[in-house]
Amino acid sequence: MKRIRIDEKYCMGCRLCEVHCIVQHSKTKNILKTYMGEYPKPAPRILVEEKGYITFALQCRHCEDAPCLDACMTGAMYRDKETGAVLCNEDKCVGCWMCIMVCPFGVISRSSDKKIASKCDLCMGEDIPVCVKNCPNEALKYEDSKD
Amino acid sequence: MNSNILKPQRIDARDLNYRELNRLVKDAANKGVKNIRLTNVNGQRYIGTGVNSSPKININGVPGNDLGAFMDGCSIDVSGNGEDGIGNTMNSERIVINGNAGDILGYSMRGGEIFVRKNVGYRVGIHMKSYKNMYPVIIIGGCARDFLGEYMAGGLLIVLGLNMKNKNSIVGSYCGTGMHGGKIFIRGNVEPWQLGKEVRVYEPNKDDFSLIGKYLRIYCRLFSLDFDSIIKTSFTKLLPGSSRPYGKLYAY
Amino acid sequence: MAKRPTPTEFIVERDKDKCIACQVCVRMCSNDVHIYDADTNTVTSDNSRCVGCHFCETLCPTDAITIKKNESCFKPNANWSASVISDITKQAETGGVILTGMGCDKPYTIYWDHILLNASQVTNPSIDPLREPMELRRYIGRKPDKIELNYNKGKVELKTKLEKQLKLEVPIMFSAMSYGSISLNTCISLAKASHELGIFYNTGEGGLHKSLYKYGKNTIIQIASGRFGVHPEYLKTGAAIEIKIGQGAKPGIGGHLPGEKVSKEVSEARMIPEGTDAISPAPHHDIYSIEDLRQLIYALKEATDYEKPVGVKIAAVHNVVPIASGIARAGADYIAIDGMRGGTGAAPKVIRDNVGIPIEFAIAAVDARLREEGIRTNVSLIAAGGFRSSGDVIKAIALGADAVYIATSALIALGCSQCQKCYTGKCNWGIATQDPYLTKRLNPEIGVQRLKNLIKAWSLEIKDMLGGMGINSIDSLCGNRTHLRGIGLSDRELKILGIKSAGEPQ
Amino acid sequence: MKTLKTEYLIIGNSAAGVACIEGIRKVDKTGSIAVISDENIFNYSRPLISYFLAGKVKKRAMPFRDKKFYSRNNVKLVLGNTAEKLDTKKRIAYLSHGEKVVFNKLLIATGGSPIIPEIKGSRLDGVFAFTKFGDAVAIKDYIKKHYIKHAVVIGGGLIGLKAVEALIELGIKVSIVELADRILSTTFDTKASGIIQDALRKAGCNIFTKNTVAEILSKGEDKKVTSVTLKTRKQVPADLVITAIGVSPNIQLVKNTSISINRGILVDEAMQTNVKDIYAAGDVCEKNIPIWPNAFKQGRIAGENMASGNAEYTGSIAMNSVELCGIPTISIGKTSLEQDKYEILEMRKKEESIYKKIVLENNHIVGCIFVGDIERAGIYTGLIINRVDISNIKDKLLEEDFGVLALPEKYRKHLVGDVGLEV
């Protein structure tokens, strides 16, 4: 099962991952059109935390024992059989924010346009999530996890 | 075997090349001999260099240059005079010279002590530096020549000026040029023209005297000198004017 | 002080149609060139702060930024150029020495570009390196005058006891760069790449960080006048010891790492208190003569039980030939000669640009002289100072070098854009800085790969060129100047280089 | 079907029941499972009924597991049938339609029933409880049939307010009657309640606190509710009344069996009752905090243990997330304590209706409230659940950029340990 590994030592804090995440989850998937023409533009599903020189980008960890799966009352949050990713079915989500309440990483947020939860989907359909692909310092890696 | 290593081992250095002599010293040290006595030493270099264990080496005769260079662990006692480069980049322990010593003594010394009973040559204590608990100390019984403590970055340098002839000056010129750390104490007075422009002159305080005393007591005991009479005279303290003497040299 | 003309060197051109105000440039520029205005949601630039490192340009996700040279400014004047005026103005303001970083950028003749290589045609066949074995391995160290062999039941054994040698899989090493002038991640990249390539890197005079001890077998440790970080463990760890007398970028002067670059970790490696200046005096005060040098060489050999080669690095200066001869006779196992285009973390500009001679002359002249004196095998020669390509490397070897040191090209492989601001400690690429916010920008995993790629690529090219000349071992090329021809050079230059002119047959 | 034999029997098909299936299947891929539900819908999410009422969620979106879930997990689903009697010795459950189910292991997940207040008029038409899908359907029908202008919601707790929100959405003027001095008194403190009360009033609600409904009235012989009289004698118009004053565990089934009960069924850490192989989970349990995640987790743990797994329920804390009048709120743990032993950290931005509060006890977070801004609230939940000492980060807890980076290193490592984060 592939996961995004975050290596804080080499995160420069440039936030290009956020930019590319926004574009990937936009309507057009075109960077200029997303930034110049989409209102509201999608919120990034990756979040760069920063304190002095320590920075790292954090996105859903797709936990093995994911509290958001237990907490989701609509069944919108589900685990993808193939990839093992924890995904949110946007058609089922009603925005009760139970998942936000229980995620110990605080990586689920309210979508900027609809009343649904927004979280990392590992860029389903892409070989490599765009945050990983575009990290200029390989601080993010898409690797097989131990389990 | 054990009783053997406790017995002092004598090595006659007569007619030995320095490499041969040092090989013998290292071999003895490697065997664990605690006390090595070298006799008839006549200008052989690098004695005590690269000796990995911690014997005490007594030297009879005149050891050559770079005595105890990069020295770490062993200690050296020279019954007579030493040459140039004693304690070059020395790391620890002690070198005692019962007579005079030459130039660049204690160059870039990082730890340990060098005690010289009489006079030393030029460029002594250049670029001494201390680091954490490593604190290099040089005490010179007589006087020193020019460039004493040049580029000094740390540690302690004491010149006592004992048995000086009146004409002699206790330090030469350019004392403490480029100094940016450490302390120099000179027993008696130094003329302003003798000092490098990076040093400032101070009156030693109580703490300074206890610092001097800490090492001077050992020195006096080693050379059977009267500590009280030496310490009671006045000392001049030299400190760097700035820890960044060349900080303003450049246009950014 | 009243303002005087100091033209900005660069103009940051921002394509307004493409800038999405993502602020990556704002966050990443250590010189604070880019400014975000939240009210208008736009990013603007302060050109005067730009050093032209191209970091922002590289990261900009929409290619909205282009760094351009400021072409406006002064009336064209071959003598009073913009940089001359700007330097004078700066000095009039500060009264200080103008500092710079990296190697000399003045348009002196680069002799590598005036030397051509030979290739085989008809009378001697070229070798196809894809099919035939090619030997790039070199040994650095004193070679015996003659070799005696033991023949024992059909087995041949070397009877002569060889002096300690450094075994290089490729005749290229990473030249001295101290931890302090460059970041730990840069050191790690160099060390690890050397380990994996079977070559050596050089600590410079910065001591050895604890995390680098494990690469000791691929480390040349340096001893300079400041003796920073020189202690028994350090001497024990390196594969060879190098006494640094001089550096091509600043012959004759010392070094000076300002206190602000002496971080906790740097202070540990150098063994000086944190935040203090690290001053390397111009000379070693125990070396005022060749005899003194010999004394230090043997002190180091004695300290390490004659188990490691001891080399001496000097800058290429006018008298390099007799000096090198002296060093060879002083017992050095190798001499590294650094030409005037060699890099530096910080040097007075006037010295970098005006002192020394090019490595091409130095290596040719020294090799010739050592041969004349019959002591060439006593010592290995390493050429350094601005090697840009495998072509430069192979020419240096044909001129007489046993191997070359590269540093600037290694840094360029890691991202360096030659902005020459290493001395400010604000290197955006995380190379010449100790600022933890910046050093993390060089991920050693990437660094190692890039360095390995570079050396691998050069090796392939060298093999190709060797094959073309009909040579299957780099050893056979060393000092083999018959394979070189000069072009556009005067007779005198050709004579010093010891090569014929293009068009002259064998 | 007269007699059904099954390895596992699950009575109840809501959060705990469904989670139990998942728990069993985690360990035992084949053992037969039967689920009995007294409702006729194959499963649905109870908390969604307010969304259904408001018309935001269609009937087909009510299930939280799809229809194939049961066949995929090889589960026999019995709908519209109630387990009426239980023989714990013979391990037989008797159903209302006359069948019996012989089981090896049993989970009782019968949930809770709304408490209907003993008020005169509480049987009138137009008076509803609000816990089941059936309730929502009935209310919806009633609203469709009658012209509803005013509604009264008895109880200002979470269920009541969810109903209020749905009714506001439908354009009905709502009055809330709450016994305590403020709405949401069990989960919120005065300030948080105040923000929501202000917002509800702005949306046109009447809120009567420290009050109760004394009588529900109709006009003449008509059985239709028309108004209510409050304890304070005030008459409030009401074409519809929803009672939401709480739920009590459904324990009829286990009364008179050897299973220990109090208010609810007593269970151990494995969710097992005092009778071996009989488990209980969710709202039917004693001392359970009746929220979805708890029921789900308990169900899953019970399931794993029934299938000879080894899971442990380490207790739960009260947690609620509701969005009212467009203001998202989250409350976790102890929130409205005022004693000295608790230290309170607060942040308030009045103009944006943002309020955050953290309750500390001996340098541990024991509760928080987030109103208006709930981003990253789960981090605090984690700190509470894992009992993390926060003395070193106390001053950072309410900072704008509080996040994983600020967490104590040891906890950070524990948190990220096996999920590929090197921080």
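By letter and in written order, the chains are A, B, C and D; residue numbering begins at 1 in each of them.
Just so we're on the same page, a residue touches a chain if its C-beta (ideal position, glycine included) is under 8 Å from a C-beta of that chain, and two chains touch if they have at least 3 such contacts.
Computed from a predicted structure; not experimentally measured.
Centrality by C-alpha centroid: the chain sitting nearest the overall protein C-alpha mean is A. For the pair chain A and chain C, the distance between mean C-alpha positions equals 44 Å.
Our note on geometry: chain B versus chain C, Cα centroid distance of 37 Å, whole angstroms. Separating the centre of chain A from that of chain B, both taken as means of CA atoms, is a distance of 65 Å. One inter-chain figure worth recording: chain C and chain D are separated by 70 Å, centre to centre, where each centre is the mean of the chain's CA atoms. Each of residues 9 in chain A touches at least two other chains. Taken chain by chain, the contacts run in an open path, each chain touching the next and the two ends left apart. According to the touch criterion at the top of this document, the contacting chain pairs are A-C, A-D, B-C. Across the complex, chain D meets chain A through its residues 15, 19, 45-48, 51, 56-57, 61, 63-66, 292-293, 296-297, 300, 319-323, 328, 330, 332, 374-379, 381-382, 385-386, 401, 403-406, 415-416, 418-423. Chain C meets chain A in the complex at residues 17-18, 20-24, 27-28, 58-59, 61-62, 435-437, 440-441, 443, 445-446. Interface residues of chain A, counted against chain C in their complex, comprise 9-16, 18-20, 31-32, 35-36, 52-53, 134, 136-139. Listed in rising order, the residues of chain A touching chain D in the complex are 3-9, 47, 49-51, 54, 56, 58, 61-64, 67, 70-75, 91-92, 94-106, 108-110, 115, 143, 145-147.
Per the touch definition, chain C reaches chain B in the complex via residues 90-91, 93-99, 225-227, 230-232, 235, 256, 258-259, 267, 271-273, 276-277, 279, 281, 285-286, 295-296, 298-300, 302-305, 348, 423-424.
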